[in-house]
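In order of appearance the chains are A, B, C, D, E, F and G, and numbering begins at 1 in each one.
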Amino acid sequence: MNNILVLPMILPVLVGVILVFLRPYIRVQRVLSVLTTMASAAVAAYCLHHIHLNGIMRLDFGDWLPPHGILFVGDSFAMLLVLVACAVSSIILLYAFATTGIETETMFFYPFILFLVAGVNGSFLTGDLFNLFVCFEVMLLASYVLLTLGGRKTQLKEGITYVLINVLASWFFLLGIAYIYGVLGTLNMAHIAVRVAETGQGPLLTLIAIIFLIVFSLKAGLLLYFWLPGSYSAPPTAVAALFGALLTKVGIYALYRMFTLIFIHDPVIYKIIGVLAIVTMVAGCLGAIAYSDIRQIVSYNVIISVGFVLTGLAIATNIAFQGASYYLIHDMISKALLFLLAGTVVYLTGRSKFNEISGLIRNYPLVGWLFFLTMLAIAGIPPFSGFIGKVYIGLGAIETGSYVLLAVSFLSSIGVLYSLLRVFLNSFWGETIISEDDQKPFQKKIGLPLVLLAVLIVGLGIGAELLSPYIQDAADTLADPKQYIRAVIGDDLE
Amino acid sequence: METLITLLVGVLVAVGVYLLLSKEMLRIILGTAILSHAIHLLLLTMGGLKKGDVPLLTETAAEYTDALPQALILTAIVISFAVTAFLLVLSYRVYQESGRGPRLRGRQDE
Amino acid sequence: MIAGMLTISVILFALTILVAVIRIILGPSLPDRVVALDVIGVNLIATIAVVSVILNTKAFLEAILILGILSFIGTIAFSKFIERGKIVERKRDR
Amino acid sequence: MPLQLLLNLFIAFLWMTLIDEDELLFTTFFMGFLVGLGIIFVMSRFFDTHFYLRRVYASCKLLLIFIRELTQSSIVVISQIVRPTLRIKPGIFKYETILTSDVEVTMLSMLLTLTPGSVVMEVSAEGNELYIHAMDVEESRDGLIKQLKNFEKAIMEVTR
Amino acid sequence: MNVSEIGEFVGALLILTGAIASILSVFGLIRLPDVYTRSHAATKSSTLAVLLTLSGAFVYFLFSENFISVRLLLGIGFVFLTAPVAGHVIIRAAYRSKVKLADISTEDELYEKIHGEHTDKM
Amino acid sequence: MKKNDVILQTVTKIVFFIILTFGVELFISGHNNPGGGFIGGLVLSSAFVLLYLVYDIETVHRGTPFDFKRVAALGVLLAVGTGMLSILFGESFLSQTTWLVDLPVFGETELGTMTIFEAGVALTVLGVVVTIILGISEDVE
Amino acid sequence: MTVLLAIFIPFIAACLVPFIHKILTGRRIGWFVITIPLFLFILLIRLVPSLSNGASYLYTFPWIPSADVYFSTHLDGLSMIFALLITGIGSLVVLYSIYYLSEREAIGRFYTYLLLFMGAMLGVVLSDNLIVLYVFWELTSISSFLLIAFWYHRKQSRYGAKKSMLITVTGGIFMLVGFLMLYTITGTFNLQELISMREVIAADSLFIPAMLLVLIGAFTKSAQFPFHIWLPDAMEAPTPVSAYLHSATMVKAGIYLVARFTPVFAGDTTWFYVVSCVGLLTMLWGSVNAVKQTDLKALLAFSTVSQLGMIMSLLGIGSLAFASSESTQIALFTAATFAALFHLINHSTFKGSLFMVVGILDHELGTRNIKRLGGLATIMPITFTIALIGSFSMAGLPPFNGFLSKELFFEAMLSLKEANLLSMDSLVLLFPIIAWVGSIFTFIYCMIIVFQTFFGKVHAPAPGQRPAHEAPIQMLISPMVLGSLVVLIFIFPNLLGTYILGPAMNAVYPQYEGMPGLVPEIHVWHGWEMPIFMTIGVIIIGILLYGLLRYWKWIYSVGFLQWTLDRLYNALLQRIERVASVVTKTYMTGSVRDYVAYIMLFFIALVGIGLLGFQQFIFDFSDDAVIEINESIIIFVMMCSSVAILFAKSRITAIILNGVLGYSIAILFVVFRAPDLALTQIIVETVTTVLFLLCFYYLPEWKNEYKSVSMRIRNGLIAVASGVAVTVIALLVQGHSMYPSISIYYETASRLAGGLNVVNTILGDFRAFDTMLEVLVLFIAGLGVYSLVKLRRKKGVDHPEEK
């Protein structure tokens, strides 16, 4: 019994609900919410180490043994993501304190954020397919509200698109669950994996796998990312950063789980994923170059990285999984920072197009240099966080001879670099337009979370070794689904 | 029966998708509603139809029909209700923001 | 004999519903449709009752009552919509 | 206060009926009483009308009258519908009732509405005029008015 | 035929009668000229039909399983209580939203009261 | 002509209490019969929907002065709380327990955490549905 | 440890500069900075003797051992040349810059970048691990980027910085992939191990790709054709930077890489072909283009391109030693590498001094335009002398070091005839000719530097400019030092050969280490052989062509010569941006219906692909339950009402029909023995309908949807196909149901959970977690609706995130 496993999800829920009662007390809300995410992160860190020492953790809700009850399964891959998600959310919360404004904060802002975090963590941890659907919905509902909170016109408009696309995705999810249940009669993911392996993944199961591919591609923004740029550029910065850091990652996680645990017997799927990843990266690059709106550019960068992470899945070797794990972590942190920076620029200048902004670095050197650093990190330039993941994925691609994937994924970093370089050169460099008097003061409160994230980015690059045992655990579980299955069902059952 | 219901599901899906491809918010929301009807039926069908008695153990029966899909559908119904409610409000807020005044009364020819 | 009567009944009820649906589709006025919907609700109650008898189960007796309640609520909602456009008011204007 | 007590008993009874047990048990009734107590406690500020739970006999009589009327007029309406050609002259007429209280007027209207061929369309603001739509106003107006009088009498026996 | 079989038969008969009443009354929904007259046919006749059916079911359970279904009784009561109100409300709404009476209608003592006084209704 | 909703309102007063009672019954008896927290909560909320339809918000509020958001939040707290309770008792999260309690009037009665859980569910459903409907309706003004 | 120190000291110093700058204000900070390279230079030069005795210095500590990334450094002869250049020229450049930069500049920032670069560059040449090397490699690109855009308010600076960054980083990424391939082959990132495994590498199918990728990295960095285009624009950097990065050190990183990887790759002649051909082509292209430049710095940039090409081509020829077995041949080809390394040093000295001269001119006269310069020989005699030395050395004239290496260059080109390569016949002739032509153009632009700047008529200073005068002595020290080196090396070439070049040769040719003739003696006079004739030819034809320059310069303005790679680069970027914009905006319409259409099409397409996998379609209807007439009527009702929704004229009709649908489903739930579902469905359907009605108040009337028939058909097709897809899969699933459901368990265990309603116990106990979360979902939605309706941000209120 590992009740601790439920804490990263249930703590935010509990505190979130309690905060509803504390609506007028913004300070209390702030403190409690950031404490909650930090506590969740601490729990995740503890679990991560526990898993490293003792193997995969499992919690059967209500003590009903799998496959009959719902359970949380904490493997290193999931737990790493939980850890980073909580840590990043904590930092984003710090940013939110400084920028959101009392008016929005009283709109149950913090409860919704906590619910979002809860949904994300639940999605990472659950070992039941239908429960994954429900966790997704928790996350989605919270994101719907956060996206539209405050109710500005663009928010509402983008909200509609976002909600509708996700409704459709959820529908496909249910469709997949229905089919799976029809064929295999079970919902526990490990149990499904066992049964799929037993029957051999025939064409029908592959067909069903394709439906799940569609579902999670929609969530992850793999090719089906149309909803993403608009909805990521509408909400307040902190929310956008949270979205950029967390939302697509859940879809990516689910893709990894599905296609490393359950539908692993038909290589066609990996080919399809590979093609999708390639198209995503190319289209993402085009999109990132096409716009001059900084928030759009940043959003398309999310798309590129989705494609990049999923090349790891298309390659599907241990080393590629290691790369993907590293890269996912990097991506969560750096995208959060990138979104925060983009938002800060928009906030400081009141403009969002990079060609309308110039010479910011003179007035706001910190923002400028952090942007520069983030740009390098995201482009995978060493020694920052994105680099090591890139190396591993590259090695995996070479190992399996996936040269097209290799080429596109590595060239996509140039697209990333180019798109962000344009922003940097135009907005931060160049003649300073704003006079000393006109410039908005840069609060230290805003600086702190930015610096914290930057420290993580640098630290993760230089201190990559610290994470490597956990990353290896994660990759091992992904590469060898038996570990997961054994942890859930044991050797005796079926 | 299963086949017939599956066909019905197909029809509902087609109608739902067609509505989803509209411009009008209301049609779209109706489309999502119909799609969720379809998926609920499909979930039930996947567990097998009329394969036993009502899953109440008060009723002594040789066989009970599959209760799990029912529980899942119940959850799905509630979730889809939640989403529909939100979507409805969201869409009318969009119209509100774009400055179209409310109408006061259901029209005759409706 | 009894089974036959019940089967015929349930088919008749189903046909009633079909006819009511035709009225809904035809209209022409909104109240017409609401009336037809009300008819459907009432006939669904009957259908459930007959099905309960056929299946010899008491599991659906709640559904009868629930359907009664909610078809009533639905009808009132529609009527109010037809009458006033808004179905819940802050303060009655009378 | 006594009114609410009445209602409470009613709920307790309702509860007992809903539980659907084989035999009537005091505990069930008590449980229902508790539930009712809860509901009334919660809703107490809302409840402000009168409710009478007496004159069972009068009620039964009213019921019988009503069932008779219902059957009769149902047959009339159905026969009108299935007749090959429609020969009806619908219309709206006004009826001034001697009943005064809300409950009385409501009961009258409902009974009238339940019997086929007639619907109460409006109750005037003062509550004493009923506007009735009849399916065949020319032929059945007198019959309807007679029916109304019958109902009024029966209702007053129950309520007063 | 024992008592319970007779009871079951009576129940079934009631149900069948209800069903026939229902299908007959629903033809009114097609045949009658305006919403007001249709509502007579629809609401009330089908109310009768449903009452018959529920009573039939009640009788059936009573005799076949010695089961007094209070829920069915309550259902009957509920339909009694709500059906006329529903009919009344729809008709009133129709009239207030100016749905025209059929041409064959002879008199309308309400018209002035509703549409005469208030040109602007809300 | 002014409206006179006397018929509707009079009937509603009765119907409302029938629905409420029925809702509570459905919730309590959900263990062994169709019903349970969701359905119970939904029926309860439909009773309120009826009230709001027939009366107006202010009138209903005079009778039921709750903040339904809080009702809903309380419901969630109850549902989550039962889960946390099992943690406190050293069992797996959301382990439902039943106790046989000897109550003065009822005798041996089964009391379970599942009932609390379902009560939470019902309260949330009630709170949320009413919140939504009120929210939209009050927007009219 | 010394080596490690050498890498880290500049970084540490770079971090300290901003703080020290507060104490040592103004240009005084330069005196702090200069101590770093000077110290390191001394540190390193003390190791020279031991290196020439065959020692090498290794140091390793684990960085990311799990990825085989060790922070290993290795100081051998090859690294030493570069390390000395970096620190030596670095010292001179810092000294020069102290007086070059004005007090008003952001001097602190400048030195931070410069030190950053210095550390990175030392890292590149000293690291023994490919990944670490790559890390520093990119760091040099970044610091170069920062230095080029030092005056970031200038558009041209930003343009140049961007260009250099894009090209060098891209090249770096290619190189990284090459490294990764090497790792895949060998399982190590360690350079020394790689070299020892060259047979394994050569046998692998990834050998050629890895080689080409690494070369792309080298070529981009060393500005080889066609990647050279960034270098002229990099001249936007302050001149000390140009002298340091863009002539003496960073651009030579590519040379270093090629030299370093020669033992790994040179076994295959592909290496030779690519390296030498690209090198020669670059040399020719660079020199030809240099002639037409009017900006002195641009001229020097192209000259650098050309010279780098020359060195590169020499390295290519040097690689042939690996394919040879005869010792005479080996000696002949290793001599090419020797020449390359020798010229590398020479180039750094004379080019460095020339850049500094240009910097002085720019600094004193405010222009670098040849057309506006003239007659400065008398006004600025010292400057003129240094320029003369540098230019003549570059032109390959004695008594300067350039002459020596140029001779060796010709010799190496001529040595090709000894190579027994297939299909070499034409190359044997072509190589020396191209080399010779390139040298002629080199000669011409050297003359341009000297004569068009320092002779001819003196231009009047433009308004706002000071009259010309000699530069302050502090600025002249560095170029003077370099100038004297040019002469000194000419006089004592073999000192350099023994102590510096010798160990480097050993590093390039580990298998020939200690072989006699590997480090040839350099002679000022070879006797009357081909190279000297070629040099004389260069001088004669060069003078002729220079004299007639104005008669043939028009060639540059015609046709394809005008069409430069630079324009291609600009056009390419523009085109990419336009295509990106057009493509993206074409499909990102912002309209939900389009997105939904994409998704459904995607679904249909993927299902289509999935269906291809079936050999046969098995539908199994045997297990179907019977259909009652009434059920079929209900289903018919549902089909009718759902289709009727499509044709509903008014929205409320559609809602009513939807209600019918919902109620009918409830009936189906009854028929299928699902009482709880039926109850829920009925209530939810009604409440939803009420919600619809509530919201109708605000929603606009339902309009006629379609204007175009084609749209309707498109949507219809998508819809029908989706329906068919869902149905077909569902039917297949029913035919393939392979396992009994797990839910049998619930029936038996339900009593354990204390309930007889199985559905309810599932919801309340077995899957209570779902229920809990579902309640949460509902709660969030409720709260969300509330905030959406009630909590609107007030308009006009100043919100921190909006303007």
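Please note the rule applied: a residue touches a chain if its C-beta (ideal position, glycine included) is under 8 Å from a C-beta of that chain, and two chains touch if they have at least 3 such contacts.
Fair warning: this is a prediction, and the values are worked out from it, not measured in the lab.
Chains making contact with subunit A as well as with subunit F: B, G. Placing every chain at the mean of its C-alpha atoms, the farthest one from subunit C is found to be G. Averaging Cα coordinates per chain and for the whole protein, the chain whose average falls nearest the overall one is A.
Distance between Cα centroids is largest for the pairing of subunit A with D.
For the interfaces D-F and D-E, the C-beta contact count is higher for D-E. Centres computed as Cα averages put subunit A at a distance of 27 Å from subunit G.
The centroid of the Cα atoms in subunit E and the matching centroid in subunit G are 80 Å apart.
Between subunit C and subunit E the centroid-to-centroid distance comes to 10 Å (mean Cα coordinates, whole Å).
With centres taken as mean Cα positions, subunit G sits 52 Å from subunit B. Contact with two or more other chains is made by residues 10, 13, 15, 29-30, 34, 36, 55, 57-60, 62-63, 65-66, 69-73, 76-78, 80-88 of subunit C. Contact of a single residue of subunit D with at least two other chains is seen at positions 14, 18, 109-110, 120, 122, 124. Residues of subunit F found to touch two or more other chains are 1-3, 7-8, 11, 15, 18, 22, 26, 32-35, 38, 43, 46, 49, 53, 69, 73, 76, 80, 83, 93-94, 96, 125, 128, 132-133, 135-138, 140. Those residues of subunit A lying in contact with subunit B across their complex are 130, 134, 137, 141, 144-145, 148, 151-153, 156-157, 159-160, 163-164, 167-168, 170-171, 174-175, 177-179, 181-182, 187.
Of all the residues in subunit F, the ones that touch subunit D in their complex are 1-4, 6-7, 9-11, 13, 17-18, 20-22, 24-25, 29, 60, 62-65, 105-107. Across the complex, subunit E is touched by residues 1, 7-8, 11, 14-15, 18 of subunit F.
The residues of subunit E lying in touch with subunit F in their complex are 74, 78, 81-82, 85, 88-89, 113-114, 117-118.
Within the complex, the subunit B residues that touch subunit C are 53-54, 56, 59, 103-110.
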